[in-house]
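Just below is one structure, and these are the notes that go with it.
Every chain is named by a letter (A, B, C and D) in the order it is written, and numbering of its residues begins at 1.
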Amino acid sequence: MSMRTFLTMTAGAGVLTAIVAAAPASADDSKLEELREQGFARVAIANEPPFTAVAADGKVSGAAPDVAREVFKHLGVNDIVASISEYGAMIPGLQAGRHDVITAGLFMKPERCAAVAYSEPILCDAEAFALKKGNPLKLKSYKDIADNPDAKIGAPGGGTEEKLALEAGVPRERVIVVPDGQSGLKMLQDGRIDVYSLPVLSINDLVAKANDPGVEVVAPVEGAPVYCDGAAFKKGDEALRDAFDVELAKLKKSGEFAKIIEPYGFSAAAAMSTTREKLCAAK
Amino acid sequence: MVAPIIRIDNITKRYGPLTVLDGLSMEVLPGEKLALIGPSGSGKTTILRILMTLEAISGGHIEVDGDQLYHIPKNGSLAPADDRHLHRMREKIGMVFQHFNLFPHKCVLDNVTLAPMLTKGVARAAAEKRAMELLDMVGMADKAKSMPAQLSGGQKQRVAIARALALSPKIMLFDEVTSALDPELVEEVLNVMRKLAVETDMTMLLVTHEMGFAHDFADRILFFDRGKIVEEGKPDEIFRNPKQERTQTFLRKIIAAGHRV
Amino acid sequence: MTDWPGYIGLILQGALVTLELTVLGSVLALVMAFVAGLGRVSRFLAVRALATTYIEFFRGTSIFVQLFWVYFVLPFAGVTLSPLQAGVLALGLNVGAYGAEVVRGAVKAIGREQREACIALNLSRYQSMRYVILPQALPLMLPTFCNNAIELLKGTAVVSLISLTDMTFQAQVVRAQTGSTLVPFATILVLYFLMALAISYGMRWLERRVTRGLDGVRT
Amino acid sequence: MEWDWNFVWEIMPTLIEGLKITILATVFGAALAAAIGLVFAILRMTAPKPIARATAFVVEFIRGTPLLVQLYFIFYVLPDIGIRLPALLAGIIGLGLHYGTYAAEVYRAGIENVPRGQWEAAKATNLTGRQTWIHVILPQAIPPMIPALANYLIAMFKETPLLSAITVLELMNQAKSVANSSYRYIEPMTLVGVFFLIMSLISVVFLRWLEDRYARVEEH
């Protein structure tokens, strides 16, 4: 069996190699060329309407992917292929070459700007709370949550809201990381958390869908800034990002941009009144 | 004077601290029928297992049919044998086990044809023809398509004999081939072996507790005790007239236990 | 109005991915089980050591951790796998390590007597393994292989966490879209159970086929 | 991306926090599994036929479906019928229920492996049913079960990362949370793997010892 085992092992290794044999993605200005060639860009989304959504037939929509789809079309990349990811996994996934760009309402913040290459702003929104009818704990800001030792907040893991809560001084054990919007709402209804925080439009969409008279919305959250997202590229793909920005600016100018995002409830004016530079510098 | 087909020269066999064979030497002539008798644990089965290369030796040399069994000559001295050499040497030797060791997933015929087809490249048709002759000889031709689980112990052992014969070895080793059988099945196996002893000129080594059979079957009897040959001779000499005290004691006990001599 | 047929369709699409993962993962697991299982009974120390390391490593860490590692860490070593490849690789290697112990156990369970018969009949090591030991060991492996396959099926749910659109993932999507938790989860629980049943019936059928004759009933 | 030792030391306390929860979940999950398994086994072996059948079905169903989905079910669906469990408790119940079905099989096999003759001998020596169980059957049935049970304990330990999916802050979830805020996956994920490997290697040694101590009967 000896020699044979070696042979079998070699064969096994062969099978492995075959499976492993996927080309490592390269990262330079030829990136756009590469995307054109493969005919699509791989985007990370979160399935959080209205930023990102997946329809019953599996089709990807939402404001962020719709804008990206349009821009990429102008760049000669015909389609986008989306994979749903947790917010926290998006940047590591981008760095690991899992996707080419994040189009998910991942708001620009200084430390994120340091980790990825953002496009110019696309979607802007303020933060909101969903809470039990009548706001029994009287929570209006992240600070209020920090000050009330009984209040538990739910937020997406690695999302803006989790950071805001932690920065406002809410201890880790009262910030419950919730995998997705539906789970967050469910946990609020079940009383596992007292407040669930997402951007205004997301909360509105979620609460509207739930159609639960026992849930109310506080928007915007006091003291929380308005944030804007951009398409996030891997560091090193700045050439692609710049090309993206050029086409994005054209869309903004032509009014097409507003046509895409306003039906979802986003304000085109808000996105156009600020810049990546300002948002990345803001503290 | 004919050269011996087996020459065992001063071999030892140890299992850890236990010495089973201690400086044993013996020779077997071609065509000789040899019976190894003696109390349990005296090392007689170990001899067969060593000849079949189921156990390695701790020291000494064995020559089978003119070649070293466990060694190959290399630059004038002897080096340990490799797999190829052992493979070649095993062609000369066949063995029948106490517990038959038939392959339970193969029918009787396939049990007999497997080794010739695999080790000698015999074509299926030829292998089956030869197998049927052998099965006929052991009286098992009508069970060729049966599975081992459907056979009695005696039938299994007869198939096992046919299986060993199918490789046409020069030396056959029989290791207590009847001791796992119900008493009424012993005779059918012994009959096959008697026939074999008469009809072939194979060298045969037999380890047995059937003293009567050993007497009829063997040209020479070796009496083993504690890893040594205590006494050897013609069956009549050993059974009628044992010289050593240990042989006498052993035979007395055997007779007292109701075995026929 | 909820588009239930559409959503059920989504879950069924996920079921196909789950099926694909289970089948491909099982194939890899089977290959690894035999390679590593036979490697563990090899004569060569190096082969045994390699097989043992593989087995202990993959049995030692959680499938969940392995999956995340393959998916997020391996790319930094220049190996980027699609979610499906990552899933198949992690599941196959993980379950293969368990299967290897089954192969080893079954091969060892075919006793000394059969091995000695092989030596006496002058079969080579390979021939003994191929024609005598494995055919007898295989029926002993099947019941445990069946359990392993079901474990693998259940393990596929974990891949939903690396955004592979399997059944569990699609159930999450449906849940996000419809706001109903009970329906998608109950549906996939039943679907998983049916798949597990299919595996165990299939294996039982296979077992009956390979053991025929061993119990004394000729085919 | 390079391996960063400073980062490793920085996140270590957080991961240790998670490890505590992981061990807590394992210990309580195991205790629950041992108890639930006993109930399942007794129901299957001694209850009237319909109940025994229903139990068998439940056991098969739980064994045939993924723990992850069961956890989702316990955590998100049960509140609809008024059962609202804290995340950790839900996780422990999920683990206990899932592995209880495995334990039940071990119990059953262990008891059935006691030879028929032992029951008959007990009857012949006029022992009561209770005495038979306590003095004859269980002392023979339990030792061979121990390695098998320990095996499932280790398996369960390795499935605790699934609890992260229902917001339990165990080892995996702490690692993810660290990764989320630092955008680094290499160190946290590798460390989690190393933690599990170390614990498993220790438990493998322990298991071998258990096997030597209790299961020698199986080998001949």
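Going forward, contacts are C-beta pairs under 8 Å (C-beta built on N, C-alpha and C of every residue); 3 or more make two chains touch, one makes a residue touch a chain.
Remember, predicted model here, so these are calculated numbers, not experimental data.
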{"item": "Shortest contact path, subunit B to subunit D, counted in steps", "value": "2"}
{"item": "Of all other chains, the one whose Cα centre sits farthest from subunit D", "value": "B"}
{"item": "Pair joined by the larger number of C-beta contacts - A-C, A-D", "value": "A-C"}
{"item": "Between subunit B and subunit A, distance of the C-alpha-averaged centres to the nearest whole Å", "value": "79"}
{"item": "Centre-to-centre distance between subunit D and subunit A (centres being mean Cα positions), rounded to whole Å", "value": "36"}
{"item": "Subunit B and subunit C, separation of their C-alpha mean positions in angstrom", "value": "46"}
{"item": "For subunit B, residues contacting two or more additional chains", "value": "none"}
{"item": "Residue list for subunit A, restricted to those that touch at least two other chains", "value": "89, 92, 96, 179, 186"}
{"item": "Residue list for subunit C, restricted to those that touch at least two other chains", "value": "72-73, 76, 125, 181"}
{"item": "Chains touching one another, given as label pairs in label order", "value": "A-C, A-D, B-C, C-D"}
{"item": "Complex interface listing, subunit A residues touching subunit C", "value": "1-6, 8-9, 11-12, 15-16, 19-20, 22-25, 47-48, 53-58, 83-85, 89, 92-93, 96-98, 179-182, 185-186, 209-210"}
{"item": "Touch list for subunit A against partner subunit D, complex", "value": "86-89, 91-92, 95-96, 115, 157-158, 162-163, 172-173, 176-179, 183, 186-187, 189-192"}
{"item": "Contacting residues of subunit C [partner subunit D, same complex]", "value": "56-57, 59-66, 68-69, 72-73, 76, 150, 153-158, 160-161, 168, 171, 181-182, 185-186, 188-189, 192-193, 195-197"}
{"item": "Complex interface listing, subunit B residues touching subunit C", "value": "52-54, 83, 87, 90-91, 93-95, 97, 99, 101-105, 107, 114-115, 118-119, 145-147, 149-150, 163-164, 167"}
{"item": "Parts of subunit C lying in touch with subunit B, wherever the complex brings them together", "value": "113-114, 116-117, 119-125, 127, 131-132, 135-136, 213-218"}
